[in-house]
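Two complexes, one shared chain (chain A), two partners (chain B, chain C).
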Partner chain A sequence: MVTDTRTARGAGRPELTAGRLRPLNSPQPLEVDADANGVPVGVHLAAYRCAVESVLETWRIDDEWWRDQPVSRVYWRLFLENGCALDVYRDVVRGRWYKQAYTG
Partner chain B sequence: MSYTELHCHSNFSFLDGASRIEELVLRAGELGQTALALTDHDGLHGAMEFAQCARAWGIRPISGAEITLSNPDGPVDHHLTLLCEDGRGYANLCRLLTHAHLDHERGEPRVELDSLVQHTEGLIALSGCRHGEVPSLVAEGRHREAEAAARRYARWYGEENFFLELQNNLVYGDARRNRALGELAEHLGLGVVATGNVHYHRQERHRLQDVLVAIKSRKSLDASHRQRRENSQYHLRSAAEMGDLFRDQPEALANTERIAERCQFDLTRDLDYRFPDRPVPEGETPESYLRQVCQREAVLRYPKFTAEVEERLEEELRLIEKHGLSGFFLIHREILKLAEEVAHELKGRPYHGPPGRGRGSSVGSVICYLIGLSHIDPIANNLFLGRFLNKEMASVPDIDLDFPRDIRERLMLRVYEYFGRDHVGLVATFPTYRIRSAVREVGKALGLPAAELDRLAKVSEGGSAKDVRAEMERLAHYRDKLGANGARGWHHLADLVEQIAGFPRHISQHVGGMVISSRPLIDLVPQEQSAMGGRVLMQWDKDSVDDARMIKIDFLALGMLSAVDECLDRIEETRGKRIDLSRIDFGDERVYDTICAADTMGVFQIESRAQMQTLPRVRPRCLDDLTVEVAIIRPGPIIGGAVNPYIARRMGREPVTYDHPSLEPVLGETLGVIIYQEQVLQVAMALSGFTAGQVESLRRAMSRKRSQEALEKLKGEFVAGALANGVTLEVAEAVFQKIIGFAAFGFPKSHAAAFGLLAYQSSWLRVYYPAEFLCALFNAQPMGFYGPHVLLNDGKRHSVDALPPDVNESRADCSIEGDAVRIGLRYTRGLSREAAQPVEAERERNGEFRSLFNFLERTQLKREAVENLIACGAFDSFGLERRELLWQLGLLYRSEDRGRSERQLALALPVEQDMVPLRPMTDWDRMTADYTILGMSPNHHPMAFLRPGLNEAIAPTHVLGGLADGKPVQVAGMVVCRQRPGSAKGFVFLLLEDEFGLANIIVRPNLYEAERSLVRAEPFVTVHGTLERRDDTINVAARRITALATPQAIAPEAHNFG
Partner chain C sequence: MSIACVYIPRFMVEAERQRRKEIGSRLVLIGDARVLDCSLGAETVGIRTGMRMSEAIALSHSAVVLPPDGAHYGRRFEEVFGLLGELSPEVEPGDPGLAYLSLAGLAVEAQPFADGLIASLHRRLGFMAGVGVAGGKFAARVAAATVRPGIAKVVPAGEERALLAPLPCTYLPVDEAMLWRLKLLGLEAIGDIAALLLGAFQQQFGPQGKRCWELAQGTDDEPLVPRATESSVVRRLEMPAPAVALEAILAGLERLTHAAYGDDSRQGRWVRKAVARAALDGGGAWELPVAFREALADPKAAWFVIKTAVTRRPPERPVEELEIELVGLSGESGKQAALFESKGKLRRQVEEAARHLGANGKPAIGRIVEVEPWSRIPERRAALEDLN
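Coming up: the complex of A and B.
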């Protein structure tokens, strides 16, 4: 009988199963300060609060309303005072903010 | 700041726009807009309805469309928004859209640039949505090409007439594209304009829009991600919202107002339609010529030209002259002459009398009688003129013409040729979503299980999609799905099906309406191809045509006219007798005896279950009585509560009374109740002093779907008038209620008289020439209340046998053989008339077929058709069993089965070892084959086979007549008809047939609800109930219904109504 060495060779590596696949660019919760109209004026980054210098663009997505987890988001492309651009969205259904780079 | 929406789609952007016109108009009003443009995709289907609706709500309508432009250089065609500044622009838009539809594949309209360039005058062009040429080039960063394209459009339309269109629907990229378009406009000195690309009136309607897109792309919502819109932001917005979205480009908002101000073309006012004038002899005017024609005819038709005739003729001529309608009547006369020519060509001989018959109110006119439009003398029949012609009429009168089917088809083509293709159009109709179609299509988009949707669609009543929730609540299986624990999808289904109710699904052809115009029609309304090859439709339905004050002539196909014509031919062929139906005895006792006995199956208009229940009680004995009989079984008199009082009064069981003495002259002939449509109008005149014009408004309000407002207004006028005439408020309101109950769903007397005459004539033919009549009915199918198998069994009960198809005896159509009807070859499934005629012709040419092989050699029929001919007995005369013949057929076709492209028969004769012993078909097998292949069985009735296995207590139908009223009874039979009339308060009527006759079953609403799927779908049932005998009618009131099992599945076709 031939010994099965596959387990030994693969030891230490993560198994390639569906459970191990990770979505790229998944939304990250973010604390956002918004004005009375809901427009972001500041974001709380890892170490500090950063003010929004300008809103570059706003767009919205509504989808999957027929499913248990409908998608309804208002996106903002922000230009921050630190000179960086950041895409954030407000989950309209749940009322929470997230950051997520958007490429269309 | 103000804003006018200039880019808006209604649900006439089929399966894309998700709001009705009225919803859009009302919402625009709420948002403070004073004008609104409708720009549906590639069409003006909703333009007239929009213009009328907007005007009614105080919004100024702007006509326009979003057209698809051919893009030879890219994979996707471009869009362009066009708005009509004036009448010239409107005509140009109509021509462009006509070109887009007629010069391309059906359903793929598009405009070529060279055509666009030729039709720019009077139009304002906006660069379109993001699929527009300029916006799409800008979005792709191809700025030079975008600039070149913008310059090109500006050159074509003129710089002041071309605007770069800015849309911000909060889609990723909108803001950048708008900035770039703004810069381009500034660079070129062009204007910018903001639009909303509106697809629904409120944001929440976006779900329906998603569903429509999924339906259109034939996918589920899950699978149509790429086709659906990104978000819910394509709704009408207020000026403030638009101001927010375009705060950096205020000029774009201001331009919406400037453009709206420029677009002054108004479809409710500026459409220049004219009916064609026909040339008249030199020295004559249309008026003098019509007078001359009428006087000439009057001498022939009225040997006694009485003062009454003269007075009536003069009155009509005066009215026609006043309204300038002489040409209109002369044109109709020409059309009837064309019909005579066509009939002569088709039949190869002069027709049996005039080929067309007027129906409706035109039958009340003596001029129509004289010029051949109607065949009923309105003076002798005391017919009311006022509905057809009166002093105050606001539109031209309606004229409907009935023709046999074949003549109608050919006549419509001839009318095209005669008046010119550009001057004639077929009226469209828009099939709308009703509950069944909506449940199936919306449910499929939502991804709900197909079997569950199908079941819901089948057991529902098939009414308005608005009733879906009530329907689901009624059915236990679906009620739970709407509960708190029901899946989300079913809740969405109920919501969305309610929303989609009445949405137009696509364009189709109206039953026979044609419009003739002196100005080319393509300047007035776009034309497009119909699904039936070669036919061209206008983009408007009958309401829009009516609103445009266009003259619609209805060329209707009446199956009974075809049948009567055919019957006369058969009589002439078999008996050498030519019958003139205008000269038969109209007082024949034998004919009226059969009518009074409700022995009227197959007779025009008086054959239905409801008619048969009424005939023995009303007992018509003359044409006037038949006129009432035809008119009384209509939703108007039924809902208006006229039927039972009329019958009771006719039978002398209650006195004739009137709501008010002033109504006696009007309602005297119908014993005090409203039966005819014009009586509604005469009642209004008598009781409240309505003028002919008010009466006409009332009639129109009752007959149109968008009329509730108008009806309320008229009620006020009616009650006020009645009070002024000394009528009490109570009586005035009660009478108005009867009028509304009647609505328009009744016949005018003139129409009923025309139909009553045809009812008598068909009855007369059935009594004296039953075989020829049955044969003619078979050949004119589909028509009438009963399927051919029911007619066949009725024929047997009247000593008319039906003979099975026979390849050596049958013609393509059914024919007469002695006193029997030989079923035609084309009745065989898989064998059309076109395929059957060559078989008959081959036999005529080269003699009888000698064997199956000989038949196959000499005909080109497909294998399935031959199999069916064998299975229904068409080769029985060769002396072989049907199964043996089928086996032989298999052997003869072997070579084809091996994949040869051309049919080649294997062997002239099968050799002995090829044959196997086969059990002969039983009589039951033969009968089921007959029903499957012919839809009827000439020799057997299924109940005769089932009878020995039935409980002895089950009564055959022929003994029901001898049972006492109130006796418990059981009957069993094949369901041949199911009816659930809207006016019957939930009662269902079944007609059961056994081998002896028919039985009427009444199913109460609660029993129906409990056994709905059984009642709606089971082909054979047993009914336990109580016999109800009323005068000479017999019914069984069902208490319990069970399915009756058959040895093998057999499902004869039943006619289902409601």
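Coming up: the complex of A and C.
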């Protein structure tokens, strides 16, 4: 009989269950003002509305279309009038805006 | 020490003539906004490299104008470089079509060596070069540039000054401003500079003047700097028809990336940089270097970075041929590994500190772990592991 060594090998380590892992960089809902073409012109930050100075870049992600909840997002890297850059995306499926840092 | 200089005049034009037989003997201009290279016939009507293309076309309406294909010229020059590397262990590349070889330690006579070099280049690669052999790089370069292609000139030791004396100062490696001042002072030939006292000349022109004066005397101690050979993996794909759709280009590049990573010559080494290239329909080339933040051994992770970069700056015209080159091959991942058990010790210390902090009701401490680092969805890439 072959002994199952998996239990013995992992005995010294903390068990990595789903409950011990927390997501990082989760998208945060954000109120965004967009023009008629869907281009963001202003974002509502914690205390005030900040106008978009310029759109630095935009790109689209379509993924996991085979799942129940497909991912379809249009990202915008915005330069705000307060001098900060902000990554936001519009969830094409649900029609909502989120902010989320995107590193390539 | 003897140095041989190999000079292939109008290298880009010659590379295009070999590739495009339909050009025949027509005048050729290569460049975009400005002329990068032009054929001898174009030079005779007053066209010069660096001239605005519109001016050049006005001078020669019948010339064939070609967009520069740097990748192709680079490949052809690599072939030249490879051939020179068979003749001398120390070869220094210069501008396209120019290279220096050290003859130090070689059991050869300069003249037969140079003649053989010209014959090899012509027979194997179709290029006609001029070769100059002298004690220093500058004199060798001047000798190679002043002979007709196909001729070798050997400058005997001590005769460099005599070779240079009648030549105009434009041969000296100086900027336009200094050339203009030399002309104002009536110093037309290199020999005019050699006849002056160093002190007076250096007072006028500073360190650049001292260097020129020494060159004019035939003194040149600039060392030959051989190129360090860097191994790389290259894979090419010829498209069955010019590809316009980005999806088709990405599919081709993905296949090449995986093929390059699977190449035996990579020998399991990690890759620090990839260069995507394409030959464009109607001439011209596209090149996109992609440097990875850390060396990658996984083709999927590399392809994610390459794909992101290509999607942001795709080729602007239909693509005939695609190429991926993996460079910066290294034996290590670039990550600093822990020595002995220090990593486990550090982990235990952090866990101990986390327990103390947790007991006092302070915020929990976690460690970032990679989950799907290649994922296009940011929140899937990493997670926080609870250490409390």
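Following the convention adopted for this analysis, the second predicted complex is superposed on the first by the 86 of 104 C-alpha atoms of A that agree within 3 Å, B and C clash if a C-alpha of one lies under 4 Å from a C-alpha of the other, contacts with A are read in each partner's own complex, and residues count from 1 in each chain.
Just so we're on the same page, a contact is a pair of C-beta atoms (placed from the backbone, for glycine too) under 8 Å apart; a residue touches a chain by one contact, two chains touch by 3 or more.
This is a predicted model, so every value here is computed, not measured.
Of the two partner chains placed by the overlay, neither chain B nor chain C lies in contact with A:Gly83. Once the two complexes are laid over each other on the shared chain, residue contacts for A:Thr58 go to chain B alone; chain C is not touched. Considering which of chain B and chain C touches more of chain A, the answer is C.
In the superposed pair of complexes, A:Gly95 makes contact with neither chain B nor chain C.
Of the two partner chains placed by the overlay, only chain B lies in contact with A:Asp68; chain C stays clear of it. When the two structures are aligned on the shared chain, A:Asn25 is found in touch with chain C, with no touch to chain B.
In the three-chain superposition model, chain A touches both chain B and chain C at residues 57, 59, 61, 63, 102, 104. Contact residues on chain C toward chain A in their complex (touch as defined above): 305, 308-309, 311-312, 366, 368-369, 371, 376-379, 381-386.
Only residues 57-63, 65-68, 72, 74-75, 102, 104 of chain A touch chain B when the two sit together in their complex. Residues 16, 20-27, 57, 59, 61, 63-64, 71, 100-104 of chain A touch chain C in their complex. Taken in their complex, chain B has these residues touching chain A: 170-176, 206-207, 210, 221, 225, 228, 230-233, 446-447, 488-489, 492.
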